[in-house]
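Handing you this structure, nothing more for now.
Naming follows writing order (A, B, C, D, E and F), and every chain is counted from residue 1.
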């Protein structure tokens, strides 16, 4: 078993804001992240797949095809988007935290690559915060 | 003459959009950066000052004080902000490109540090684009 | 289960030196790291916690609070310190190697965050050496 | 159990090319990586060992000795080499993909360090592709 | 005057070898870089242009168009190439050192962007060597 | 004229402390940097030389020889040292700030490489502070 990781990037806006809370409560819990006018990040996404290298090509997967799937199914929707408003596969009542984004990106990818090969989604929101989801 | 650089960071949302243009024209010129719902970046700011090290302290400037000025005069306003809407020292009719941001950050800092010491403002918008302004 | 990592930094001095050994023996085992007058590093600390995102906030933990705990309980003591002499929670007879530092930082944090959430302490001593401790 | 990682680097040329395939087939599968005249990379190698820190030295292993083994047994052969042609421990019929390189580097190192201590070989081919092998 | 930099990357093989010299002389001067079977690098290219931001768009140049010119005129030829053999605009008798590459990349770009705007070509061969050329 | 930069690294301890000042005054000016028991950094040194590439070798200088000079004349003395106590070419009454270190490293190198070729000494103390000295 070998693990192969492809890194892709996207830039997006978001805010952390619970509609049913007061502005004060949002400010207390989310601080500056609750700015009504949004803020944003350069996100860095690590997608890890696992498998046995093909004896002829030496590939677990064709990394060019993996990159294309990530770009078609994830980056195309997230890059230069507003994560609260613009992305069909992000539920409108789901807070776009780094943790939750890992889980929706996993769901978006897992059925577009061979079954059993997706190992991990890791997402950097800044250079000091990242989350990882292993599918369970 | 020695040059000393302090790096600070901020995360912000913006869009590139000329009000007097049609949506199509904005899309043609600014592409995905014209998304009405905003997008954002992790900005990295390099502020460079110049001078002769003090014989006793070895300092051109006290870098802790320089850092405080940058945070009080720049980062406090820009971090977790919307660069088109929220920042008092960014004119509402000024496009918040990396180039223009360098110039307004220069203006914001130059009168808050000793005259003649500000040398350069360099700003990274992503890890593949940065701008620099030397004050003239 | 999602894993969330917060990165913090500190700068410190240390030396590797066994008191019961001769200078020659220390030099043989620890090389330049045994310099009696100390040397130092910019350490980079990754603290990883695990859990299920809160349905409302999307947080495993409040990363601002996690950051505060790391700074109050770890960085406050280690930053600009001498790791052999200055830190109350580093035993005086414990060699301040990257490996051992991971273990004492784990002990320092594990009782200050919700039980069962601390997953990993990873520490970079330089850009070519790092250690990781998972609590067992 | 603590994990300790040492990072070393090498620069090398390679191509991805199956001899029994037509040029067109190689181009289809490997794209630009099939250029007959080779291309190359700055590879970054992470070697992770595991163990319990020695009570006296605080070392899992002596990282200077680990570094020497990696350089003598791996880097000496791979640095400034052609991975398809020059390396005695890379089989001539093995495609030098990142995945396969992890496995041959593991084999090259596992008998040169104490039994049971090698934990992981991770190799970056570029800043957007890396593979990892855990020995099974 | 503001300076704007776009970063692009390419991976290539090369060797340093003077045909009129003996193998021994090449080895003495170029060391491992003279390996007959080539070696390679992940090159990182910084292209800096200068100008005054357009009052409406805030652009010195359209960075998307600048990126397209760099990719069409430079990266398309250099990426996954052999720098000694494959590149029409690298003279066959020119040693593909980082210094010389900066100069040929300058020549390749200077006539494809508005006159007087090209400021600097900076090229990283590894993370410890880079060269810069300012056109004179 | 082309500029070539070689990067080398060293780890060292230091403190900022004026002997003729009280402890309180040192604390006020230097903050945590005045810790009597020292602290330390992973320093990153950029040495830039300038010249015209040799028509045959494509070299401004032989970067391997430049690297050897930097290591023999600078790194050998600074690595794993105490910058206040251990380094013959750092005056005992000179504060080892990043600014001053650039100037003494310049003096240490300028007579060991061909006259007129040294262009710049840039030194990173942390990933958010660096200084540069151009020799005048």
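Here is the rule we go by: a residue touches a chain if its C-beta (ideal position, glycine included) is under 8 Å from a C-beta of that chain, and two chains touch if they have at least 3 such contacts.
Every value quoted in this text rests on a predicted model; they were computed, and no experiment measured them.
Engineer: Is the contact between copies chain E and chain F built from the same residues on both sides or from different ones, judged by whether over half of the numbers are shared?
Structural biologist: Under half of the interface numbering overlaps between copies: different.
Engineer: Among all other chains, pick the one whose mean CA position is farthest from the mean CA position of chain A.
Structural biologist: Farthest from chain A by mean C-alpha position: F.
Engineer: So which of C-D, D-E or A-B is the twin of B-F, meaning more than half of its contact pairs are the same residue numbers?
Structural biologist: C-D
Engineer: Which chain has its C-alpha centroid farthest away from the centroid of chain B?
Structural biologist: The most distant chain relative to chain B turns out to be D.
Engineer: Would you mind reporting the rotation angle for the C-alpha fit of chain B onto chain E, rounded to the nearest 5 degrees?
Structural biologist: About 120 degrees, rounded to the nearest 5.
Engineer: Tell me which has more C-beta contacts between its two chains, A-B or A-D.
Structural biologist: The greater number of contacts lies at A-B.
Engineer: If you average the Cα atoms of chain A and of chain E to get two centres, how far apart are those centres in Å?
Structural biologist: Centre separation, chain A to chain E: 34 Å.
Engineer: At what distance in angstrom does the C-alpha mean of chain D lie from that of chain B?
Structural biologist: Taking the average C-alpha coordinate of chain B and of chain D, the gap between them is 41 Å.
Engineer: Starting from the mean Cα coordinates of chain A and chain C, work out the distance between those two points in Å.
Structural biologist: Spacing between the chain centres: roughly 28 Å.
Engineer: Residues of chain E touching 2+ other chains?
Structural biologist: 127 - these are the residues of chain E that touch more than one other chain.
Engineer: On the basis of the stated criterion, which chains touch which? Give every pair.
Structural biologist: Pairs of chains that touch one another: A-B, A-C, A-D, B-E, B-F, C-D, C-F, D-E, E-F.
Engineer: Can you list the chain A residues touching chain D in their complex?
Structural biologist: That would be residues 1-8, 53, 56-60, 62-64 of chain A.
Engineer: Which residues of chain F touch chain B once you look at their complex with the stated criterion?
Structural biologist: Where chain F meets chain B, its residues are 16, 18, 29-31, 94-100, 102-103, 127-134, 136.
Engineer: Quick check: in the complex, which residue numbers of chain D touch chain E?
Structural biologist: Residues of chain D touching chain E: 9, 11-14, 32-33, 35, 37-42, 79-82, 85-86, 126-127.
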